[in-house]
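First comes the structure, then the notes that go with it.
First chain written, first letter: the chains are A, B and C, and each begins at residue 1.
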Amino acid sequence: MSMKIGEDKFKERVGKGIDNTFMRGAVAGAQERMGTRRENATEELGNWEEWRSHGEEIRKHVLENLDFYLEQLSENVAARGGHVFFAQTAAEANEYIQGVAKSKNAKKVVKAKSMVTEEISLNSALQQAGCEVIETDLGEYILQVDDHDPPSHIVVPALHKNKEQIRDVFAEKLGYQKTSKPEELALHARQKLREEFMSADIGITGCNFAVAETGSFSLVTNEGNADLVTSLPKTQITVMGMERLVPTFEEMEVLVSLLTRSSVGQKLTSYITVLTGPREELETDGPEEFHLVIVDNGRSSILGGEFQSVLNCIRCAACINVCPVYRQVGGHSYGSIYSGPIGAVLSPLLGGYDEFKELPYATTLCGACTEVCPVKIPLHELLHKHRQVIVEKEGRAPFAEKMAMKAFGMGASSPALYKLGTKFVPSVMSPFTDGDKISKGPGPLKLWTDSRDFPAPNKERFRDWFKNRDKGGKES
Amino acid sequence: MKVTLFATCIVDLFQGNVGKATVELLERLGCEIEFPESQVCCGQPSYNSGYVNETKDAMKKMIDTFIDAEYVVSPSGSCAYMFHEYQHIFKGDPVWEPKAKKLAEKTYELTQFIVDVLKVEDVGARFDATVTYHTSCHMTRLLGVKEAPMTLLKNVKGLKFTELPGKEQCCGFGGTFAVKMAQISEQMVDEKVLHVEETGAEYLIGADAACLMNIGGRIERQGKPIKVMHIAEVLNSR
Amino acid sequence: MTGSIQNRDAFLTQIAKSLGRERRSKGVAVPAWKHRPQDEVLKGATQDELVEVLKTQCMKIHTSLVVTNLQDLPAKLGETVSNYGGGPVISWKDERFSQWGLDPLMKKGWKEKDIELYEWDESKGSENIRQAEKSNVGITISEITLAESGTVVLYTDKDKGRTVSFLPATYICLVPKSSIVPRMTQAAQKMREMHHQGKQVSSCVNFITGPSNSADIELNLVVGVHGPIKATYIVIEDL
C-alpha cells in the first residue's frame, strides 16, 4: 500500500517519535499556535456551530448523490474541453498519467502539494515514465530535496524539521551558502523553483473542491505555487479524490471558508484559484490541455457503510492540531501519509487492517478531534467503531485480551459474581501492595506500574461502608 | 429529594473516600441517598476496547438497577456519560433503547446535579489551599459539563484557584489505552504533571476518579509534593 | 476544443452499488439548506463600513491600502510604483485604465521617468509570460472585492493574463469602491448568476488575499514565496 511510509513496526515508530525531542517541541508549539489561530478565527464568527452544521449538511448531500454530481462534473469539464479519466485504482490513475506524460514527451513535471497523489505514489510512477518531478510547495520541496523524507503533517509537511536541518540539506544538495533564516531559505527555494516552473512540461495539482455545476475546481494555497503550476506548463493534470466536490460555487465558498479557518486560522488563504477547463482560445497563459483524474482507490467501499462520514473530510488538519497523541508521537509514528485522528480512521480503511491495525488504539477517545472537525466527522466514535470491527468482525484481538474482556463482561453483568470477586481483591493484591499503593503490579497492571503507582484496593469496599452505615454505624 | 448513587467501580474498590464524601455532601444538601447493591461497572473498559456485544449484558444490568430511580448521580463524569451513551448503543432495540433513554434523562454527574438540579452554587465548604483543576475529556466534551465544577469551586471559602495550562488536553488515561499504549500514555501524563507543577498549586482537583488515579499515580511515582483530591472531597470540607 | 470522458460507467455504477441504489443521473437538486450562517456576516453594512472592514483586514494580511478618488488616482498609483522601486511594470490590457484617466501616467509619465510599461498583448503569445517574469510591478483591477478577508477577485481572459498577478515581484490592484461586498458568499453568488445567465465563467478566477506567504519553516511566516513579496490595494472612492 503506497500510503504507507517506512518499514518500522508501530512500536518502533512510536519509540523513535518519542525520542525525537526537536520534533516534539515543534509539534507542541505548532499545536498551540495553530490551535489558538483556529480558535480565534472560528470564534470571531460568533456562530461557528451553525457553520459546522452547514458544512456537514453539504458534505452529506454530496456523498448521498455522489454518482449524480460526478456525472455532472465530468460532463461540464468535457464541455469546456477538458479530459476526464475515472480511475478505480491507484494503478489505473498512474497508468493514465504516465500515458499523458509519454504522449507529451514530458521531461519535467512541477507539482503543487496534493495528498491524493502521495496516496497513489504518483511521483514514482512519473519517474518510471522518465520524468523529473519537482514539488513546489515549500514544505514538500524541502522534503523532496532531503531524499524524499516523508511528510509528517497534512498541511505543514516539514513540521518535523528545524531551520538548521533545512539549511544543511540545502547546503548539501543545492549548494546553498547562506544562513538558516527562513526568509533566506525561502528566497533560495523561490529562485530555484522559478527556473523549474518556467521550463516544466506538465503541471500537476490536487483538488480542494471541484464544482459540479460548472466543471470547475478550486485550489487553496498561501504560497501561490499552485497558480504557477497551472499557469505556465502547457499541460495540466489535476488529480482528485472522488468525494472532493460540491454542487455549486456557493457550497464551494462555504467549504473553503471552513477549510481556511480550521486549518490555518485565516479568513481566506492568499490564493484561492478557481479553474475551469484549459485556457481559452486566445489566452496566452494557462494550460493548452487539461486532464482531470478522479480517483476511487478504496473510497467506494467506505461509501454507504458505517464509516461513510469520514469522506466528509476536507483535509484541514484541525483534528491533528488538537490531538494529544499526535502531540507526543508526531506524524511519522502513524506509518501513513495520513496522520493524526483522521489518519487513524482513514488509513485502515484505505490501506487495510494488516498495515494499520494499531492506529485505532492510538487514541484515548478524548473527543478533542470530534469537537473541532468543521464538517462534524465523529472521529473518536469512528475510532471506537474500528475497535469494534477489529474485535467482533475481524476477530483480530489477542487471545488473552479476549479472555480478560470475557471475564470482565461476566463479572460486570453478574452482581453476585462482582461482589464476590471484588471482595477478595485486597487479599489477592496484597503481595504487591506497599502501604496504600502498588508499585510493581502483576500481569497487564505491570504496564501501568512501569510508570505510575496504582492505588491499593481499599480494605473496606465503599459498598460495605455504606451498608454498615445504614445498619446504624453512621461513622465508619 | 431522593438520589440513587452510582458510585462507579473505581470508587467502590479504590477510592472509598470519594464515595463517602459524595454521600455526606449530598445529604447535607438535603438529599436522601440510596445505593443499590446490584450495581456493578458501567462496562466502559470492555466497551471502549471494542467488545460491544460482550458488554451489553453488563449494561442491561445497570439499566435495570437504576431504571426506577428519581435521580441517578455519579461522582465521575466519564461513567455518568456512559449511562448517556447506552441509548445509542441500544439504538433500534425495541426494549432497551427506550429504557436506556429513560436512564439517560435522569443521570447526572455530581457537580452538574448540584448546580443544575439542586440549584446550589455555594455548598458552604471551606478549603484553605491553592488548587488547580483538571477538566476531564469525557465530562467536558461528551457529557458537556464545563461550568458546574468551576461554579462550585469558586464559592469554596479559603480556596485559591489557579488555572491549569493546557487544561483541555487529555491526561493519557483512556481506559485500556494506559496499558495498551503505555509508552505514549506515559508521555501524556508526564506533560500533564508538568503543567500541574507549573501552577504551583498544592492540590490537583478533578471530577473523574479515573483521570485522578492516572495523574495521581504518576505524581506519586515521581515523588512530587502535589496532593490529588476529588472535587467531592473538597466540597465536603468544612 | 473537444473534451473526453473515460471509464465513467463502471466507476459510477460502483458508487451507486455502494450506496445501495440504482444509478442517479438526474433528479437531484441542491436542497434548501437548513443553515446559512454565511448570509449573516456583515449583513446590512454600508459601503463605507465595508471600506473600514477592508482597511482593518489589510493590516492583518501585510497589504497596504490606499483610499483615493479618480482625480488623485494617477498620483497615488505613480507613488506606489515608485515606492516599489519603479519599473518594469506589466498591466492587463483593459480600457478602464484609460477611462479612469491613467493614460497620462502610464503611457507618458512613466516613459519620461524611464519606467518601462508592458501591456498584455495576446498576439504576442508567450512573450507575455517572459515580460511578466521580469517585471517588478504587476497591475490588475478587482472585479469583486471581499471586505471580510481583504480579497480581490480577478477574472482572467485573453487580455487579462493570469501571471500578471503572480510573477512580478510586487503587485498593485485597483479596487472600485462599488466592487466591495461583505465576503466570498456574494462573489460566489455572482459567479453562479453569471453562469445561469449563460455567460461562461472565466477559465481562471483568482481570489487573491495579500502577498504570497508560507509558514512551512518552523511555522515562521515568510512573506513572498512564489508570488509577489508586497501588495497594495488602491480603493477608488467615486467608482
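For the reader, a short list of remarks on this structure follows.
Keep in mind that, in the parts below, a residue touches a chain if its C-beta (ideal position, glycine included) is under 8 Å from a C-beta of that chain, and two chains touch if they have at least 3 such contacts.
Chain-to-protein mapping (UniProt): A = Lactate utilization protein B; B = Lactate utilization protein A; C = Lactate utilization protein C.
Keep in mind that what you see is a predicted model, and the values were worked out from it rather than measured.
Contacts between chains trace an open chain of neighbours here, each touching only the next in line.
Set side by side, A-C and A-B show the greater C-beta contact count at A-C.
Averaging Cα coordinates per chain places subunit B (Lactate utilization protein A) and subunit C (Lactate utilization protein C) 54 Å apart. Averaged C-alpha coordinates put the centre of subunit A (Lactate utilization protein B) at 32 Å from the centre of subunit B (Lactate utilization protein A).
Within the complex formed with subunit C (Lactate utilization protein C), the residues of subunit A (Lactate utilization protein B) that make contact are 26, 29-30, 33-34, 45, 47, 50-51, 53-54, 57-58, 61, 64-71, 74-75, 77-88, 92, 96, 136-139, 142, 156-159, 162-163, 166, 182-183, 185-186, 189-190, 193-194, 197-198, 213-214, 216, 222-225, 227-228, 230-232, 242, 247-254, 256-257, 264, 266-286, 294, 296, 300-301, 303-305.
Here subunit C (Lactate utilization protein C) touches subunit A (Lactate utilization protein B) in the complex through residues 1-8, 10-20, 23-28, 30-31, 33-38, 40-41, 57, 61, 120, 122, 124-126, 128-129, 133, 146, 148-151, 156-158, 161-163, 166-167, 183-185, 187-189, 191-192, 195, 201-220, 222, 224-228, going by the rule given at the top. Per the touch definition, subunit B (Lactate utilization protein A) reaches subunit A (Lactate utilization protein B) in the complex via residues 7, 9, 11-16, 19-20, 23, 35, 37-41, 43, 45-46, 48-55, 57-58, 60-61, 65, 137-138, 141-142, 168-170, 172-175, 177-189, 191, 213-214, 216-218, 220-221. Those residues of subunit A (Lactate utilization protein B) that touch subunit B (Lactate utilization protein A) in the shared complex are 11, 14-15, 18, 324-325, 327-329, 361-368, 370-371, 384, 386-392, 397, 401, 405-406, 408-409, 411-415, 418-419, 422, 425, 437, 439, 444-445, 447-448, 450-458, 460-463, 465-467, 476.
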